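For clarity, chains are labelled A, B, C and D in written order, and residue numbers in each chain start from 1.
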């Protein structure tokens, strides 16, 4: 399968020209079927909690209620006229539940990142060795370059040294050494993917399929 | 604001506070929020997958209700029947005796993924990045156009391309597997690590601001939408 | 030992610190004082120097995801233009820009400047498909692209458009949005061709890509919330009547700056604690 | 070997490109119009496609004072009727008719519109409209090219424009397969140590000693991301060690397909370790497809079960820092690996060890210790050598060119090195 797709890239003739897209559609369809297994796992796990009177049974009940309510609202398009509209049109139950629960939960979870960024900087950015120091200095300059404080601190520099003004230096770091590092990483990744894909296609790496009988 | 909108706002605010309480410590309120989140989001995604994938991509293609390219000829596309069969094979896992059949769709998926990404990565990562890095060490033509005077001008003129070239190559040295990081090669690899560290530090510093604005958005919601609603009630 | 204990500081104190530092400026409406950088001042000074009645073209080339960063700039610039009795021509190169443009005209122009007449003092031409092709055409003839405004009023008969044939009759072009098409295309297809000064406002992320055009091809650039805040600061300084209006750029800048400083403070303190506790151990 | 191989490619692709380049130059030379009467358009099948497009090229018309745009027209026969299919507003002088059907014959002509009287008040916006209603009274002057055709669009079996990519892939694959077969024939291959992977076994041992579980996250993407596959191949090795140590393994996943695959993987790993009975399906459980819902649940699991070792291997996004910080809070040993460049800084900052990009994909080969798998890593290194040589060569040529701008051969050579890496 993998080989066919690799060669298809070089064959513009029908039916190979659209093979990549077809496979993506295939994947989407298989994923929906697989969800029945995943959803089943969710139902069974939490159902079990309730059945065995596990200490978390009330939490499991909440999860199950949310899951079934959302499925009911979405699959039957409750609160919506007819079957044709998009499932998330305004006014439908599905959409209301989404805005009242899903949306705030999601954005709050995302917003927690701001706190974790702070605690990570406190904990991890310590000049323990040369690598860590470089990491720290680069981060510090870029951070400083994005606040007015950095401009105040280095405003006195003459034009001929303007590159050392913090905001300029931050831009330079972003566009030169940062770019170089990114490219090395990205090229490395590409080679890694090529090699892994070949191993998978050639059957050298089969552990993912559970036939690791070496 | 009507009653249901008002209630939805209160629910949203309570959930927001519940999640934030995790920062202090794990607690039952967080656990309730987590449970709601799990249930609702799993239901949400299944519903979306069903209406976005199952109906238009499978049902409409096979039943010819849609107007996808492969059904234009008037023949229900065999390709999609294959997809249906693969999907059903997936479900056979539910029956222990037939469970082995589910490996088929898995192999197809894994093989196809490997093939597709082989090409994509080769093209968009390796080749195009390499091409972008093909730079003259010193571009004497462009030098007159470079901006800045004194040391800054010198920086802009001479250092940019050289640093990019050195950084990219030494970075690749760091990833080189066949040679121990010793001697001259070890030195190169070390320079490579330094470049990677600058990259990580810089991107970390760069993302901090956008993370902060997410938090601002949440706080803004609590202050300007929820807090006034407590006093105004509904109408 | 104090430093060692600091080294193992419970991270909840850090969380509290961050929360307070973000909340306080917001609760007290702290407006962060901004020193305008030359690159933002360039736009302000240009608008100040134009004689009343000059035409300014504002193009909305952005979408909903960048509204928090870009719309404060657009609002400040529109206020500035109308206050100085400049004639404003609105348009959009992004399909998503048309809605944002119309709602901005409704909320800023019509509410704050009720005496300004549509078609005489300003006009909204909406979105035209064609990316840089649109710029290319209006560089030679404005009316080939825009026969009517968004409500169907014929462009040719507008008092606003009396002396306008093409782009070179504009005194300034300001594009909001750093994507494609956007500032870069305005520079290449309008600024460089028709020799009209071009300025822009874009997100903080895309600003570094546009810096190289300043000051030769761009007379000024506002990058991200910071650029917006600087512009708002200059505007309220020169026209105190705008002071009571919400200055969203300056408001958002406060907590962001404080949060940044807090993080840097923590990095410094963390390192201090690390080195001092180590030297303490070495002595002992 | 890489160098010699590389040399060969340079030669072959070089000829192809040289010929193609000359052909293009010649084409441009022919297309130059002598004057307005001979203004013409050239139409040809677009090469290396599925047979659905025709390319049109024309020379720019002498810039008239009020030039408006070009109009492209198509007809089934030379004498017409011509139908306008496109308006080219910009200064472009080419167009691709992507609506051409395979096998049908088409004729094309291009018209240039000039506004003779400047600024007529009643002019329509769309130049196409003004043409379709063309009448002598109009102020629009139209100049047509001669009709070009017949052209028909055909499909090809090989995309010549991707020849360079094809060759690069063939060489790289050949190198990898060569080293795999070398290894299979028993040749000892050296692969350097990777710190994060050496720490893995130690971390599993630590969890065993502490009697706490091991948490493994395969990322939040589905099986259609190769990073997830890499993550699962690592899971296979980890599970095998875990089975030998008899530690508890907990794998919450955010995709159903990943759940199914991970179960297969772990089951076989346990069987291979001789402990098929210790396996049960509950080791892998589906949480939710939603990114942050998954994070909320994983954070909860971490706080409640307090795993001693956390492994994050796969595609991670904004959640990377949330889980890594929570893991640090509970004092777990954390090893992460991802090819998501934007998330690497967070893992590097918050975890004990991080597999950076390529190391993630190499990890399973490394952990397996199988010679064949290690051989493929050698093949990757050939790719790196190739990349570095190309960079060096390109830099040298371009620098020389900028030093001695008078030598076009340097420019051509440099240009051509670039073309080897051209992506279409």
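Note that in this section contacts are C-beta pairs under 8 Å (C-beta built on N, C-alpha and C of every residue); 3 or more make two chains touch, one makes a residue touch a chain.
This is a predicted model, so every value here is computed, not measured.
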Worksheet item: Which one chain sits nearest the middle, judging by mean Cα positions?
Response: B
Worksheet item: Across the interfaces B-D and A-C, which one involves more C-beta pairs in contact?
Response: B-D
Worksheet item: chain B to chain D: how many Å between their CA centres?
Response: 15
Discussion item. Using Cα averages as centroids, what's the distance between chain B and chain C in whole Å?
Written reply: 28
Worksheet entry | Between chain A and chain B, centroid-to-centroid distance (C-alpha), Å | 3
Discussion item. Which positions in chain A are in touch with at least two other chains?
Written reply: 6, 9, 24, 27, 30-31, 34-39, 42, 102, 105-106, 109-110, 112-115, 117, 119, 121, 123, 125, 135-136, 139-140, 143, 146, 174-175, 182, 185-189, 191, 193-194, 196-198, 200, 208-210
Worksheet, complete the sentence: Multi-chain contacts in chain D, i.e. residues touching at least two other chains, fall at 165, 169, 172, 223-224, 226, 229, 257, 260-261, 264, 286-290, 292-293, 296, 325, 341, 344, 346, 348-349, 356-359, 362, 377, 380, 383-384, 387
Worksheet item: Can you list the chain C residues in contact with two or more other chains?
Response: 11, 15, 18, 22, 204, 259-260, 263
Worksheet item: Which of the residues in chain B come into contact with chain A in the complex?
Response: 4, 7-8, 11-13, 15-16, 19-20, 22-23, 31-51, 53-54, 57-58, 69, 79-80, 82-84, 86-88, 90-91, 93-94, 103, 105-119, 121-122, 125-126, 129-130, 132-133, 148-153, 155-156, 159-160, 163-172, 174-175, 192-209, 211-212, 214-215, 217-218, 221
Worksheet item: Of all residues in chain C, which touch chain B in the complex?
Response: 12, 15, 18, 22-23, 26-27, 68, 204, 212, 225, 252, 255-256, 259-260, 263
Discussion item. For a test of understanding, state which residues of chain A touch chain C in their complex under the given definition.
Written reply: 114-115, 117-119, 121-123, 125-128, 136, 139-140, 143-144, 146-149, 151-152, 171, 174-175
Worksheet item: Within the complex, which stretch of chain C touches chain A?
Response: 9, 11, 14-15, 17-19, 22, 32, 34-35, 37, 204, 208, 211, 226, 257, 259-264, 266-267, 269-271, 274-275
Worksheet entry | Parts of chain B lying in touch with chain D, wherever the complex brings them together | 19, 22, 25-26, 30-31, 33-34, 37-38, 40-42, 44-46, 49, 90, 93, 102-103, 106, 109-110, 112-114, 116-118, 121-124, 126-128, 130-131, 133-142, 161, 165, 168-169, 172-173, 175-181, 196, 199-201, 203-204, 207
